[in-house]
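Following this message is one structure expressed as structure tokens.
Letters A, B, C, D, E and F mark the chains as written, and numbering starts fresh at 1 in each.
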Amino acid sequence: MAKDDVELIKNGKRLDGRKFDDLRKIKIEVGVLKRAVGSAYVEWGKNKVMAGVYGPRELHPKYLRDPTKAHLRCIYNLAPFSVEDRKRPGPDRRSVEISKVSAEALSSVVMLEKYPNAGIDVFIEVLQADAGTRCVGLTAASVALADAGIPMRDLVPACAAGKVSGEIVLDLMKEEDNLGECDLPLAIIPRKKEIVLLQMDGKLTKDEFKKACGLAVDGAMKVYEMQKEALLSSINNVRIEE
Amino acid sequence: MAKDDVELIKNGKRLDGRKFDDLRKIKIEVGVLKRAVGSAYVEWGKNKVMAGVYGPRELHPKYLRDPTKAHLRCIYNLAPFSVEDRKRPGPDRRSVEISKVSAEALSSVVMLEKYPNAGIDVFIEVLQADAGTRCVGLTAASVALADAGIPMRDLVPACAAGKVSGEIVLDLMKEEDNLGECDLPLAIIPRKKEIVLLQMDGKLTKDEFKKACGLAVDGAMKVYEMQKEALLSSINNVRIEE
Amino acid sequence: MAKDDVELIKNGKRLDGRKFDDLRKIKIEVGVLKRAVGSAYVEWGKNKVMAGVYGPRELHPKYLRDPTKAHLRCIYNLAPFSVEDRKRPGPDRRSVEISKVSAEALSSVVMLEKYPNAGIDVFIEVLQADAGTRCVGLTAASVALADAGIPMRDLVPACAAGKVSGEIVLDLMKEEDNLGECDLPLAIIPRKKEIVLLQMDGKLTKDEFKKACGLAVDGAMKVYEMQKEALLSSINNVRIEE
Amino acid sequence: MDIEACLRKDYITNQVNDGKRLDGRKFDEYRDMEIEKDYVGEKACGSALVRLGDTRILVGISLNVGEPYPDAPESGVMTISTELRPIASPNFETGPPGGEAIEVARVVDRGIRESNAIETEKLFIEENKVWIVFVDIHALDHGGNLIDASGVAAIAALVNTRMPKYEDDQVIRGEWKGKLPVKCTPVPCTSVKIGDNILIDPSMDEEYAMDARLTVTTTDMMNAMQKGGQGTLKEEDILSAVDLSFEKGKEIRKVIESL
Amino acid sequence: MDIEACLRKDYITNQVNDGKRLDGRKFDEYRDMEIEKDYVGEKACGSALVRLGDTRILVGISLNVGEPYPDAPESGVMTISTELRPIASPNFETGPPGGEAIEVARVVDRGIRESNAIETEKLFIEENKVWIVFVDIHALDHGGNLIDASGVAAIAALVNTRMPKYEDDQVIRGEWKGKLPVKCTPVPCTSVKIGDNILIDPSMDEEYAMDARLTVTTTDMMNAMQKGGQGTLKEEDILSAVDLSFEKGKEIRKVIESL
Amino acid sequence: MDIEACLRKDYITNQVNDGKRLDGRKFDEYRDMEIEKDYVGEKACGSALVRLGDTRILVGISLNVGEPYPDAPESGVMTISTELRPIASPNFETGPPGGEAIEVARVVDRGIRESNAIETEKLFIEENKVWIVFVDIHALDHGGNLIDASGVAAIAALVNTRMPKYEDDQVIRGEWKGKLPVKCTPVPCTSVKIGDNILIDPSMDEEYAMDARLTVTTTDMMNAMQKGGQGTLKEEDILSAVDLSFEKGKEIRKVIESL
């Protein structure tokens, strides 16, 4: 697959017809699992991701216990069939890294100090993957934590920007991620308007970075609105059920 | 090896000359190991299997401890040289499954409630394998438990039946297992005449199943007599030694 | 590489010009690492080895704790790039064996009884390997233990002898180890003049063994002098610094 | 087992002895089962999501080209794995599959393999090259009876699996050529014994209270059986379970084949 | 976190808020950095030891011949591993790499890969045979800022790597033919945020006291970024760190290229 | 070490200092040794069971066809594994081999390899295809001196190993063609030092009470040595052990060769 073969941008439109600052279609569902204390399901373009939360609960092994706060663990997992070339089950280095930065981002908003010595587990299951899964997973995870009733200072919406055929664009899909020049996923704490997850790989000048970063933050703010909406309507649903 | 090449049944006799309801030759020895608390060795056709028991003893890890009863663990292991094509050492999925169903069957008769929090370990070592090893192993294991002096409600004799060249036959040997239509291993609690282990794979009608099941139960009853005889003569040996 | 292609001994001299009872060039540095409680670095011919010590410290897992003495653990590790053909990271069977015999040798001199229940960890990192690394590692390890201020009855100098082209020689280098007839690494407790590590593989008569053993012990005694000198000058350095 | 668990087990057993199940079902009644085929249809060659009561299992099928087994050089290969993901239950751990996950995979495997559901002889490509069919069972929510939900999801996914195009010694991802050849629809049906009663499709609570469990996988014949649990079964228990499994298997098979 | 650790963290933060670092450095100042190339030059194809304050990282490069990735059949392969050896810190364990080691390896990897530093297209040998470049990061002493020390050691080792001779389908060990083709020198620079301050090249104590961390790897452009830690960063924090990283990266690059 | 163990160790040492072993043997006397060749002769290519006092070791030999090592392309390959099965001792665990099992395997391996017992050059089949000889040491009962029992069982099994038929690029299982070429019979003999005494063939109790252990593997020469334990040995201790090992090795070799 030579990079020249595919024209990623044509007449100012992207492969799937989006403008540079368009998000893919996003659907967020809350409380989709019965066993998990909290859960959320997010469809985002062709991505399908489920997040589930257990805890606060007893933490094992014991040496991880912190008498000043809970320990938040996050496991990001790509299902074997979520990608075209089957992925061998079990954690690989990419999953371990994403799990680490996701746990750090979530730890930033969860009031861990309320549950000394406890463990809170966040499981992110990527069922279908099409670029940007760490953003989708984190977006689902903070909604699942809220659904679990765990006290948080804010949600953690996430979104990527990147550079494709020389243009800075929002929310890369698979072909853009594979053939583009740069990917920049980030996550924010909306109330502080500060950045809590940031990774980048590719080639960017400082000015391009500023532009991409701003675009991604705006995207994350839109995701934030959808997260809140989904949580609100889930609370309404609960009321109706009761 | 095409299925048609080998004539499994000829003039109403099987490859090794047995009738449909004949067991292979079985030899049971009790107390064959020094370190194990109880042990047994069973030769069954070309199968050679040793079982050893340790415990009741302190159970690790701690979270497995049950204050109402002992935890019985069973490890079924195929020696690398026990089959013609060397088996890589270590548990594979088949061994894990057999260990699980064997532990369940033995837990049914051992008076686990007498040893709260303790662990009882049953190790089954298949030294030479020729079809039916799970039945041989279970047969050896319950004798080893009795040899260890662990209180039991009954022994757990086991035997397989199956379908070979259209006939329901008892106790399949290797060629019959490989080329036959069905294998049905089971184990019983003789005093209750109830079934405690049952697996099947292949193709059977309900009527064939009934017939095979009855045949296997009868086979297991014969094995039960041999188990009791072996245990009795081991007790007599002990008396003579003293 | 046929054994005949290389002439290992020529005119009574070895490949690198050494006489039969010459050691390779040895350099010992003490206190080379900041985080480790004690450390040493040894260059020995082309070998480069670092040893570091942690402890006495809390020992995990708990079941290893001995109320009568400390538990000394030794991990010998070959860096992937230390040999020409990259070694996969992680312990292999050779490393596990060397770790075991090294731990036994060091346990012989460390006053473990002073630290009941504790753990003392010795890490040996082979950064460049050229035959004799277990001797180099052990030589570095006992210096690192002394640098850590852990009370010891003596140091543990080590040296190998072997048989090359029919001659008994001291301290085999790589080509001699690969193509020679025998390698005999040993380590001693100099004050007792007794042997605490001894391995051999190859072909030796009893008389040759006696000769090689004597040669290796003499070599180890020379190493002992270098160990003491390095420790002394490190203490002097400390005094000057203060 | 703590006291609360004991009491709960007793309660369920008493209810069952009175002919009642906690969720109001009859003994021979399955919970609602929804099968959604091609649930992750953009990437996987085949997939199906099964909701059985509170249980939710996703199965995805991946096809690769690889080597046949030496003893069947002209046949494709099927391999089934189960992951009981920690999202599905507070009792599931991360790490390699344990005994429970392996049992689910192997029981589902036996049903499909022994009924020769996949026509593996049609998966031969050329000498030493055959299609490998990976069946990945992914448990997302554990509400009891994982075996049946997994087995149904697996065969529903297989029945609807597309074959990737294969050209010039390469699998062309995203392009398809025909369907995976599947010739029958084995369905596992699991019953449990509680007291003297045989109940089909146990909920999680019923699994907890059960004495023994029996899975029977059927097509037009019986293809696989697996007894579980520490209790025993009488011959008549087994025959009841067999009858129930034939009956329910037929109903579920119709649903799968009409997807 | 015990009380001593809390107090220590507070102390460092207060000092930093007063404009001071414990070791007397300015906020935009690196600790002394020594780079020793060919540190294990008798066996490895390339190597470099970096001393950065108390941190000591050895990187060794090994070359083997192997298969290319299927999606880049005409390119060599680079693979980076990190081992945080237990000799380097009381907190490092034996066993396979954990999250921290993997993060170091992946951040270093991204900088080198995304800047196309290694001309992998020149590592093609013949169909299905390419050079595999193993970059092994070996941490010997952990005094803070492992990422920068590792990244500098890795690229310094690569720049000075010799190619083994390859004749008659065999790698000739100990004989060399030219150097590994490397065309640029990506340098990772890590800053931390403590209070409202951005400090470059954190010591171990500063890593402990930090709110957040940001690594920016640069050549003439930015090639990789990685934010770490549970705290947040403002856009201006990030832009300061980017400026610092470009500036310090240029200085370090000069040193590496003049070795 | 608990108080009971200390007392037991003292008792054994005192007895030995008085010239006595608990089981009445002389210091230079082996326990009864039975070697049963072809113990699992229906499946394995070779096998031998050794009973040495209470110790019981079964070794099985499997032959497969595989690739040679790159540095010896015309020689067969031998690989020795030891499994100290948990059935053999309350102290053995399930899981991959630990230090003790690995030491047994490697000491046995060295004796066989260094004496060139197996004529590996005769195990060449064709380019890139040689016989692989798997020697699996299976400990069933641990009554002390695992190394000698394992080493004797291994060489006894090898001496009696049949070669499977190999036709049309395939191993024909169950048909045989000649024997594995073995040209000498290395025998490991293990002594321990207790107090100032050297005893051969330690029982489990004696291993527990020993200061140090020395294994010497002999043919007509010495081929391997391994010292074990935390104690030290004087040169004269070693020479006594060497003499004992040559003497006992000769006796055991006769038994093996006459099987």
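We adopt the following convention: a residue touches a chain if its C-beta (ideal position, glycine included) is under 8 Å from a C-beta of that chain, and two chains touch if they have at least 3 such contacts.
In this text the structure is predicted, and so the values were computed from the model without any measurement.
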item	value
Minimal step count in the chain contact network, chain B to chain E	3
Reference interface B-D: repeating pair among C-F, B-F or C-E with over half of contacts shared	C-F
Distance between chain centroids, defined by C-alpha means - chain A, chain D (Å)	31
Inter-centroid spacing, chain F versus chain D (mean Cα positions, whole Å)	47
Shared interface positions of chain E, touching two or more other chains	none
For chain C, residues contacting two or more additional chains	none
Pairwise touch network: line, ring, star, complete, or other	ring
Cyclic ordering of chains (reference chain A, direction chain E)	A, E, C, F, B, D
Partner chain E, residues of chain A touching it in the complex	1, 66, 68, 93-94, 96-97, 99-101, 104-105, 107-108, 184, 189, 192-206, 209-210, 213-214, 217
Residues of chain D that touch chain B when the two form their complex	1, 71, 97-99, 102-103, 105-106, 110, 113-115, 214, 221-235, 238-239, 242-243, 246
Residues of chain A touching chain D in the complex	33-36, 39, 46, 48, 50-52, 54, 57, 75, 77, 79-86, 89-91, 121, 123, 125, 127-130
Sites on chain E touched by chain C in the complex	39-40, 42-45, 47, 54, 56, 58, 60-62, 64, 81, 83, 85-90, 94, 96, 134, 136, 138, 140-143, 173-174
